[in-house]
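Two complexes, one shared chain (chain A), two partners (chain B, chain C).
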Partner chain A sequence: MKKWGEIALGVVTSIGGFLEVGSIATSVQGGAIFHFQLAWVLVLGTASLAFLMEMTGRLAAVSRRTYADLLRERFGYRFFVVPLLAVFIVSLLVLTSEIGGVAIALQLATGIAFRWWAIPIALIGWLLLWRGTFSIVEQGTAMLGLVALTFAVGAVKLHPDWGTLGRALLPSTPSRDSARYWYIAVSMLGASISPYLYLFYSAGAIEDAWTIEYLSVNRITAGLGNLFGGGLAIAALVTAALVFEPRGIQVDRYEQIALVLATPLGRAGLVLFIATLCITCFGSTLEIALAIAYLLAQGFGWQWSENLKPGKDARFSTSYTVLIVLAAVPIALGADPLQLTNLSMVVTAASLPVTVIPLLVLMNDGDVLDTHVNGWISNTALVVIALLSVVLLVAALPLQLLGGG
Partner chain B sequence: MGAVHLAYEVVDSQLVDRHEQKIGRVDALLLEAEPGKPLRVATIVIGAAARARRVGGWFAATRRALRALAGIRAEHESRIPFSAVRRIGDTIQLDVEERALESEHFERWLGDHVICRIPGASGASK
Partner chain C sequence: MLQSASVRRAALALVVGVAIAGCGAAPELDQQLETLSSWTATLELAKERHGAAAISTTYATQLADAARSALGKTEQQIGHAVHSRIDSSYAADALDSLRGAIRQLDAETGR
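Let's look at the complex of A and B:
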């Protein structure tokens, strides 16, 4: 019975945790320009994330180590500094974008410019990390994050052509504006497959003391959770396609994105959009700040746990404290949140090889996983994701120059 | 425990103290050379200088130069005799106290001077 409770909770966590500033912004921009055509990218990104989460969760449940632990232990310090630096920089950028997302939501709600909100958001987030436990952070953001279901309601109320949507779930090339198309595709993939998500997930498995008994919980959580989460991202794309595309509106400001739910749902739609943006970005802010602190603590072997009093793991709690404040600074100085989001999603996409390729090695290491090493399905998926990550690394910079901005 | 593969099972492993508190990872292993005796694995090193040398000579040299420029002298490194190893498993347990380790200097300093001045930092549990 307890286990089913945990499965339900895990699924809710993925739904609430999946949709955040990156997926909202990139999906809405994609839908506004290319109608449903980019929906397949969300299918690809979501499926990839589901596999990566299942594997890092299995790794933690079987080996009682997090993915970051194993990156250091199995590959040595000299290799470890590469993913450490890459994930640190990329996640800090994404953290800044999330704080920007919350700040924009508060600007839309109050009329007070977003830059004034950055530091208060960081302080409230910090206070929750300081006083809260792992389950408060995980479950609190998950439950409140269910407000994102609004996107599903919005999409259905606009009566999309299901046949067209069905066909868009398979890859296709654009008839026009291909640099922009692929640029948005890359940023959508960066928004779906973020390293902080699986680093946080594998640290969470240790915080929740998972064992081999939890392998089924892990599989269902990763699968169902991402199915729902990816579904919501597609709903955002569909809504934007039906609201913006016919009117020829290209989205380049958050004030425009905010209107995406006002067409199907009226004034309530605007309020619900603001609530969704605010809550999901705030939840991600907490998770990313923790994810970077986990990475540092596990890589260097410090004492860590979100369930300990900060005095018992001083370096760990100092890390998230400094990071969350540091990430708020660019927003407080007036950096454009939407441009920052687009940039950080592309940089995320480019960073994927250094965390995906080592996983391919670890998931086939019998010393770590014993009989729970990858089967051929997982290995095929992981090889495809690894190849995809290399393509993203090579394509990111040229596409940023050709299709960005 | 039979033969122990040093590079595979010891280097980079998580270290814990007597009370299972995490105290860093094995950053380097030293061999001891005493006149007239064979070399033996003698010491576990925990510290940033040892880690920097693992990345490469150039990295360690850059680190030294930057520290010299900033006027930082103290190198808070722990060298623990291999005889303190109690157990090699998921983690390596050492017969030491976290509070007594030089490599935990920064953890203690942060705890005593920064973290504990903020309300809600100490106490039994959250």
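Let's look at the complex of A and C:
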């Protein structure tokens, strides 16, 4: 019974934590220009993330060490510096985008320019990290993040053509504007498969003291949670496809995105959109700040746990304190949050090989996983994800130049 | 042999350069027109939604300001993308439509 409770909590947490600034922005941009056509990218991204989370969760439950710990231990410090630097830079950029998302939500609600909100958001976020525990950060914000279900209600109320949507779940090539199509596709994949998501998940498994007995919880949480979460991203794409695409509205600013729910749901839609953007981005702000601090602490062998008092893991606590304030600075200086989001999603996509390819080695290492090494399904999926990550690395820069507008 | 290979490379570079330059001009104007038309449509939708009390005046005002900023930016850039009288007339129409949409949303929100 306790296990089912944990599964339910895990699934709900994954759903509530799935949407964030990147997935909202890129899904809406994709739907606004290419109708349902890019829905398959979300299926691919969500399935990839589910596999990566299941594997990093399994790694943590069996070995009692995080993915970052094992990267350092099995590949050595020299190699570890590469993913450490790549994930650090990319995640800091995404952290800035998330703070931008919360700031934009507050601007939409109050009319006060987003840049004034950046530092207060960082301070409130820091206070929660300083005073809170892991379950408050993870489950509290994810529970509130269930407000994102509004996108599903909005999509259903717009009566999409389910047949067309179903066909769009299979890959297709664009009939026009190929550069922009692939640019948005790469951004959507970057938003779906952010390394911080599976690094945070892996560290969370240790925070929650997972053991081998949690492997089924891990499998169901990673599978079902991402399935429903990915469904919400598709719902965001569908609402944009039905509200913006017929009117020829492209999304150049966050201000435009809020109209997407005000059309099917009226005044409540606008309020719920603002709440969704604010809560989901704030939740992600906390998770990313923690994920980077976890990575640094695990990489350098510091004491770390969000459940410890800050004085007991001073270097870990100092890390997230500095990071969250640092990330707020560009927004406080007026950097365009949507452009920053798009850039950070493409850079994220390009950074994937350094964390995905080593996983292929670790997941087949009997010394680490004993009998729980990857089977052929997981290995096939991981090889496909690794190849995809290399393609994204090669394509990201040219697409940023050609399709990034 | 070396000389003819160099000539071929130079000719290829010239062709690619001309093609890029030739293709570059038109999409730039298209992109500007698309942006203007997108903002016009955004403001029309905002006006309709504000009329139905589905969006707040605070939010509608922000949309009008964002459109004004996009209009100002495009007004500065569109001159470089216009290469003929037809281009110029398309640009003028698109700019006028957006100015009109901004005025209408301002009127709707009582500005």
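Criterion: the second predicted complex is superposed on the first by the 405 of 405 C-alpha atoms of A that agree within 3 Å, B and C clash if a C-alpha of one lies under 4 Å from a C-alpha of the other, contacts with A are read in each partner's own complex, and residues count from 1 in each chain.
Here, a contact is a pair of C-beta atoms (placed from the backbone, for glycine too) under 8 Å apart; a residue touches a chain by one contact, two chains touch by 3 or more.
Bear in mind the structure is a predicted one, so any value in this text is a computation, not a measurement.
When both complexes are superposed on chain A, chain B and chain C end up sitting side by side without clashing. Using the contact criterion defined above for the overlaid structures, shared-chain residue A:T150 touches neither chain B nor chain C, since it reaches no partner. When both complexes are overlaid on chain A, the residue A:S344 reaches neither chain B nor chain C. Legend: residue contacts after superposition of the two complexes on their common chain; A:L308 is shown touching chain B, with no touch to chain C.
When both complexes are overlaid on chain A, the residue A:S284 reaches neither chain B nor chain C.
In the superposition on chain A, A:E255 makes contact with chain C only, while chain B stays out of contact range. Of the two partner chains, neither chain B nor chain C is touched by A:T96.
Taking the C-alpha centre of chain A as the apex, the lines running to the C-alpha centres of chain B and chain C meet at 130 degrees, rounded to a multiple of 10.
In the superposition on chain A, no contact is made by A:T26 with either chain B or chain C.
Once the two complexes are laid over each other on the shared chain, residue contacts for A:T56 go to neither chain B nor chain C.
Using the contact criterion defined above for the overlaid structures, shared-chain residue A:N374 touches neither chain B nor chain C, since it reaches no partner. Minimum Cα separation between chain B and chain C in the superposed model: 38 Å. Note for the complex: chain B touches chain A at residues 11-15, 21-25, 27, 51, 54-56, 90, 106-108, 110-111, 114-116, 118, 120-126.
Touching chain B in their complex are the following residues of chain A: 64-65, 69, 72-73, 76-78, 80-81, 130-133, 300-304, 307-311, 314-315, 317-318. Within the complex formed with chain C, the chain A residues making contact are 107-111, 243, 247-250, 252-253, 255-256, 258-259, 262-263, 266-267, 269-270, 405.
Listing the residues of chain C that touch chain A in their complex gives 31, 34-35, 37-39, 41-42, 44-46, 49, 52-56, 58-59, 61-63, 66, 70.
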